[in-house]
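These notes open a run of structures that come right after.
In the two complexes below, subunit A is the common chain; its partner is subunit B in one and subunit C in the other.
Entry: the complex of A and B
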């Protein structure tokens, strides 16, 4: 899986989840913290949706591993960091 | 001597219908004959006060036997065909004799070579009272053998009351079922036993035998609604549908009431440890009820319902007493209060803890079931590394629909009806709900 594919999956999932055309979603979109487009339960939903989308592409990946949770910088900060993390796990 | 009043009433009703079983109708003359047969049989083969298990479904013989066991002063342990762990239960209830019916109604009499000597059994024997041991399922751990003094239950039935033609729905080993049965017998009413307990068969049975009372579970009411069996069979003879044993989704209650405004819906509340209490619903489509009656005291502490009952069990044979020093029993049921009325929110054990917030499956199920094309929803908790647990739902659809579409439809619908943490994160489409043999939902 390359970064473009991963970005597409994450962006699609965020768009579908927040279901609001007035918000632009791109790779800079923040997913964690004060300026995030989703709250914590939203993020949980997003992660499950993304895992589902990946599994449709025959990639069984758990995004919320201990590794992800214990990193100094969370991979869930933004669309881009999350996409990078997916690429890292997928390959 | 214990059931003289019941037998007197039988004698006044010899030609009246008593039991509808296996497509035949048996009258009270027949029950009385079988009762006498069983009483002789027990006197010959068992000592008064001995522990006798019976595995059966409701039929004229097992019903008469149950009465004979009371009269002979035995301690009765009912098993149903749904019990998978009878051997273990025979040990924990200290069963001395075992009468094992097959589905055709033939029986075998087995001596277990166990000698019942538990302190509680000895206590009951010293009272010279008949008893019943029922198993409390409990969501965790081993089933607990709860010993009741039968005379408490019998006292309730000494005043004659009206009965309705009733279909037995609960299994032979169910405490609520035993209560219903004794109520009907002591008022010489009619008990109908359907061959198969599917929505279709039960509706057909109701039509054929003009059944007036259906004691059942919310899940079964839902299955009737989904199956639309009421289109095929005329169930207008029904006057009362009573439900209990699990949470009633408000949507089911309202849907049923809309379809059958003339049927009274009655919530019952019973616990193996305490007995079956009288309840009074605020209205036909309301989940607010008053529970209690003269033999019960209730209190609510930290939203949990506690009950003190005159009719409670002597104790468990294989576990510590469930009562506190003052005799209060923690029901484990979370409730809301409104004046004299309470509303059940769910079993404490079913609550899903999402990041410290509590979610009651029944509340979510009730919302999901209002969504177009969703026939049935079962909600449970699923472990999640971030929130501890999140809400998951198994859905049965009316017509096929892609999962993605369903998921976003659920989210949209729930948005202004449920807090975000209550909205299912995991959604799975299934063909049928897992329903136990007792017609309760299996969550998870």
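Entry: the complex of A and C
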């Protein structure tokens, strides 16, 4: 999976989850902490949605690995960091 | 509407009974155990796996969700017991019991919970044991693993409430299955005397309790543990 594909999956999932046309979702969109477009439960939902979307493409990936949780910089910070992380896991 | 149920440890004992019972009720049952099952039914699928194998559990749950579009019910029935004095219990047995009883329950609950959250509906039922409240000597590790399941269910009931998923636990009464096949009669008699109802239960008593947990109307029933036979 390449970066563009991963970005598209994450952006689509965020758009579908927040369901608000007035909010622009792009690779800079923040997912964790201040200014995040989702709250903590929203992020949980989003991760489940993204795992589901990856599974649809026959990519059986668990995003919440010990590695992800223990990184100094969380891969869930933004659409772009999450997309990078998906590419890393998929390849 | 078609209902989809996963039952772990469905090859024999209470799990087998539950599989047949819910198939009879028209529910599609996906069962699993470490070895093959001879249960044949048009609405039954059996998968061989170790419930503590994360990848295998993910694969089974995701494939089930893909095939049926949802999972309504999960019965975390798979469990192993080893009854012995702690001085005579090797760590490998402790690890094995926690892997199957606790890790397996956690993995299936987590994966099915993700699927159920999409439909805002789910019923998860775990199995515990009267060895927890009775704190039976010789069953320290088994009881500890089941106590972990009970407390985990109570916490998960809160985590999952917003998703329309309930998590409950049932403790079968003393039921004559393989789990207690090697327990001496006088020990079993003593145990039965400690229950409010001094007799063996049957798998149908467990099914009756699970029926209550599964009902669509049981939306407020979560984080509960029912000890059959009375403790």
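Just so we're on the same page, the second predicted complex is superposed on the first by the 91 of 91 C-alpha atoms of A that agree within 3 Å, B and C clash if a C-alpha of one lies under 4 Å from a C-alpha of the other, contacts with A are read in each partner's own complex, and residues count from 1 in each chain.
Keep in mind that, in the parts below, a contact is a pair of C-beta atoms (placed from the backbone, for glycine too) under 8 Å apart; a residue touches a chain by one contact, two chains touch by 3 or more.
Note that the structure is predicted; figures quoted are calculated from it, not measured.
Aligning the shared subunit A places subunit B and subunit C in steric conflict. Touch criterion not met for A:4: it reaches neither subunit B nor subunit C. Shared-chain residue A:43: touches subunit B; no touch with subunit C.
By the touch criterion stated above, A:88 is placed in contact with neither subunit B nor subunit C. In the superposition on chain A, contact of A:55 is made with subunit C only, not with subunit B. After superposition on the shared chain, subunit A has more residues touched by B, the comparison being subunit B against subunit C. Residue contacts after overlaying the shared chain place A:67 against neither subunit B nor subunit C. Mapped onto the common chain A, subunit B and subunit C collide along 135-143, the only clashing stretch among 135-143, 225-233, 261-269 or 333-341.
Looking at subunit A, you'll find residues 41, 45, 48 touch subunit B in one structure and subunit C in the other. Across the complex, subunit A meets subunit B through its residues 16-17, 19, 39-45, 47-49, 64-66, 69. The touching residues of subunit C, counted against subunit A in their complex, run 54-55, 58-59, 62, 65-66, 114, 117-118, 162. Listed in rising order, the residues of subunit A touching subunit C in the complex are 41, 45, 48, 51-52, 55-56, 60, 62. By the touch criterion stated above, subunit B contacts subunit A in their complex at residues 354-355, 384-387, 390, 404, 407-408, 411-412, 420-421, 423, 425-426.
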